[in-house]
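The structures come next, written out as structure tokens.
First subunit A sits with subunit B, and in the next complex the same chain sits with subunit C.
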Partner chain A sequence: MTEQFAIAVSGLTKRYGETKALDDFSFMVPKGSIFGVLGTNGAGKTTAFKCMLDLARADSGTTLFEGAPLTPALFERMTYVHERPALYGDPRVIDHLDWTRRTYARYDAQRAAKLLDLFGLAPKKRVKNLSKGQQSALALTLAFVTRPDILILDEPASGLDPVNQRNVLDLLIGEAAGGATIVFSSHQIGQVERAADRVAILHRGKKMLDGEVDLLKADEKVVEATFENDAPSVNGLATDPSVRRVVRAGRLLRAFVRGNSDDVTRHIAALEPKSLRVLDQNLEDIFLNAVAASDGDAAAAAADLEG
Partner chain B sequence: MYYMEFLCVRKTLYWLAGILVAAVAIVSWAISSSVHGAPHHFGIIPVAALMAGATFVSAIIAMIFGCTLARQNAGHLPLVWTRPVSREKYVFTVTAVHLVGIVIAFVMTLAAALSVFAIFGALGALTMGGDAPVDAGIVGRMALFPLAWYGLVMAITASTRGGAGFMAFGAWIVGSMLVGFDAGHLFGGVSGIVINVIDHINPLYYFSGHFDDSGRNQSMVSNVDVAMVGLAAIAVAGYAAALAQWHRLEA
Partner chain C sequence: MSAIFTVDPHSGVPIYLQLIAVVKRSVALGVLAPGEQLPTVKQLATTLTVNPNTVARSYRELERDGVIETSPGRGSFVRGNGSGSASNKAVSDVAAAAIDGAVREAKSIGLTRADVAQLIDQVLDRWYPARDGQEAS
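Our next item is the complex of A and B:
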């Protein structure tokens, strides 16, 4: 079963003292797909990646790559980019590339030249003299230059300008189209929505939800009503398990619904709004709902709902 | 795998070369000035003394290299540990580069010292025999002394993320003080015994001498075999302790 997946993470848990940085985190990534991990700061994304790669010891849980535990030899075909580029300051850009060339049999010199050109990196420049964005670009160059089968990227577009952020997304999509499996984290939901086939939302170390992006979006609706005056309180929806959150803002009322939205739509229609429509939620809505539910905002939302 | 460390070693040796060239120039100038062009009489100089000087310099270089795990631990572990080799193999390959660097540092320093004699046409003043003959015991101790420092510094700095250089420098200072206390018998009773015991994990203890009552220079550890075993034990135990820390570190 797990052989069908490039990566199978099961029950990863990691504590730092009293803090549970990661709590029973599990997900599976099919070969050739892009998996996005979304989360707020401190959600546990970096800890998850470190535990997966044995850079930190998980208290419990397992990670299998192509059905087998991690071995150093796998890094010939797998690459990791840390959220803060772990590059050496004094050596030059070309020294880092030379190091990679001498280490990996799959080093592609032509690709290296193209990537340097794409990101506008000067080979002779010392890394400590590069901007944060350029350092991120170099870390990504080193990751892509070996044409890996598995890429694990922690905030890969962090610090990059919008042009290079787009370049990175294009690279990710291109690699996946070529058969590579990619796991990446990001604060920028738009990037994840554009690139990822599947996504997991992590908050305070716990997975709030995961699944295929299209299915998640199809399953999550927002019932949006506009009233003549301030939106009224809506009684009775607080106990409806399909309602994740209700937001009232002036004349606007939005109910975020998971699954069938017909009952909620009828309920709100009974209040005779000026307009009423049912929309697909975008990934940002889904993310915010998941985080708000975890933070107990659901209770606040319910209170708001009841007026 | 070891390329980055190779660059680091090369840079260190470039610096050493510059310092040695400057030192040779200054010493040569000082000698020329002091004798005002008269023939320079150096007396009989044991080569072992020059080798001891070169050993001290290579030990300092070994201490710099010994901070390598601390340097990696200062933010580079995600880069180093995601290479297609085990953590242990990475350390072994890096150590191999360091050993070559330490030997080159020794040779460079000895060559610099010899060049001063060559400049003044006094190579004939050097002797392999005399009071300090170059024998297997001397060479063994000189070979092991930098390695002992390498292992010791690795062990005390492997888990640190910064300040490894200060720790290595501090270890040298503390080591010098311990040898001084021990040689001068400055502490008696239990304190003296404790200092002597601690001194056994101090590489300087096995390499230093002191003047006895008759004014003769005596080694702290007169038995050469014991000295070599002590230095080797510090090197091996330090290296093993560093590896154990390296294995259980987290990025």
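Our next item is the complex of A and C:
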């Protein structure tokens, strides 16, 4: 049943001393999709990838690739790019490509030439003389020339200029359209919003929410009402399972709703507000709300919360 | 051709719904003609830098709505107007969405049903003036 999923992560937990770097993290990535792991710095994104690939030993949890645990054979068809790529300084760009060609049967020379051109990488330049952004571009080039079926990319566009950031996203999109499966992490919401069809929001090691980006947007709404005087407290709103939280500020009342907002809208309309509207939420709103509603902003969230 | 398609990924409106709206509007306005071929999913995804599955979803919904037809191996095309159905459907969908938005906005700022009806009558009179005692249509 899990075979339709290129990657199935289940209950991944990792402790460093007293700190839970990752707490029961689960997600599924269907074949041919792009999965974005979104989180603030230190949210556990890199730890998650390392545990998935057994580069760090998880305390518990499993990761299945195409329905089976990771095997050496799979490394021929998959690639992982670390956020700080490990490249040799003295050798040239072309040397790195040469090693990759000799290691991977699926090495694509045409593609290598194309990518060097795209990123403006001079083949004869020594790696230590490349800028940080160019080194990241080289690491991505080395990953993409092997035509992998599964790509795990930790902050793939960090350190790159806006043009090359867009180039990287287009590369991911082209690969996924060709059937590859991609998991990438980012703290840049715009990148995830564009390239990913699915997203998990990670905060302090815990998954806040996950799902299809478009369905999350369709699902998460804000019902906003203004009143003649101070916004009244609304009985039952805080305990309504579809209401994530309620914020009151003077004459303004906002209810963050998951799923169908009709009932909540009717409920608030019965209080005869001066105005009432349902607002869409973009991924940034959804992300910030998820973080604010968690323990991260417990004090502020609690102060805003309906009794 | 791809210039027709624009989306705002940062909007709270799902990207696939934005794409559906653009295609319907383009068909309604005749910018996309019956029989015209749409870009492939991969082409459009890389042109707009949006996820290919998102583009594929909007194409599926457009096909279900009878606006486009997809034949495997050939691509996606705007439905021919044998009965004019694709463009008629698109026209009414675009108009319905616009009117719905306007009425929703009016309601949100507290207008009653009667207020809105009166406003709509005024707007209708402006855009569809009755001539020579003949009922406007």
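As a working rule, the second predicted complex is superposed on the first by the 247 of 307 C-alpha atoms of A that agree within 3 Å, B and C clash if a C-alpha of one lies under 4 Å from a C-alpha of the other, contacts with A are read in each partner's own complex, and residues count from 1 in each chain.
By our rule, a contact is a pair of C-beta atoms (placed from the backbone, for glycine too) under 8 Å apart; a residue touches a chain by one contact, two chains touch by 3 or more.
Values in this document were obtained by computation on a predicted structure and should not be read as measured data.
S.K.: Classify the contacts of A:190 with the two partner chains as first (subunit B alone), second (subunit C alone), both, or neither.
M.R.: In the superposition, A:190 contacts subunit C only.
S.K.: Between subunit B (first) and subunit C (second), which, if any, makes contact with A:75: first, second, both or neither?
M.R.: Only subunit B is touched by A:75; subunit C is not.
S.K.: In the overlay, answer first, second, both or neither for which of subunit B and subunit C A:275 touches.
M.R.: After superposition on chain A, A:275 lies in contact with subunit C alone.
S.K.: Can A:262 be said to touch subunit B (first), subunit C (second), both, or neither?
M.R.: In the superposed model, A:262 contacts neither subunit B nor subunit C.
S.K.: Tell me which partner A:50 touches in the superposition: subunit B (first), subunit C (second), both or neither.
M.R.: A:50 sits against subunit B, while subunit C stays out of touch.
S.K.: Quick one: classify A:95 as touching subunit B (first), subunit C (second), both or neither.
M.R.: first
S.K.: Identify which of subunit B and subunit C touches the larger number of residues of subunit A.
M.R.: On the superposition, C touches more of the residues of subunit A.
S.K.: After the superposition on A, what does A:59 contact: first (subunit B), second (subunit C), both or neither?
M.R.: neither
S.K.: Kindly list the residues of subunit A that each of subunit B and subunit C touches, one partner per complex.
M.R.: none
S.K.: Which residues of subunit A touch subunit B in their complex?
M.R.: Within the complex, subunit A contacts subunit B at residues 50, 53-57, 72-76, 78-80, 82, 84, 86-88, 90-91, 95, 98-99, 102-104.
S.K.: Spell out the residues on subunit A that touch subunit C in their complex, using ranges where they run on.
M.R.: By the definition above, subunit A touches subunit C via 32-34, 166, 169-170, 173-174, 176-178, 190, 193-197, 213-215, 217-218, 273-285.
S.K.: For subunit B, which residues count as touching subunit A in their complex?
M.R.: Touch residues, subunit B against subunit A: 1, 3-4, 7, 11, 75-86, 89, 250-251.
S.K.: Which stretch or stretches of subunit C touch subunit A in the complex?
M.R.: Checking each residue of subunit C against subunit A gives 9-17, 41-42, 45-46, 49-54, 57, 104-105, 107-110.
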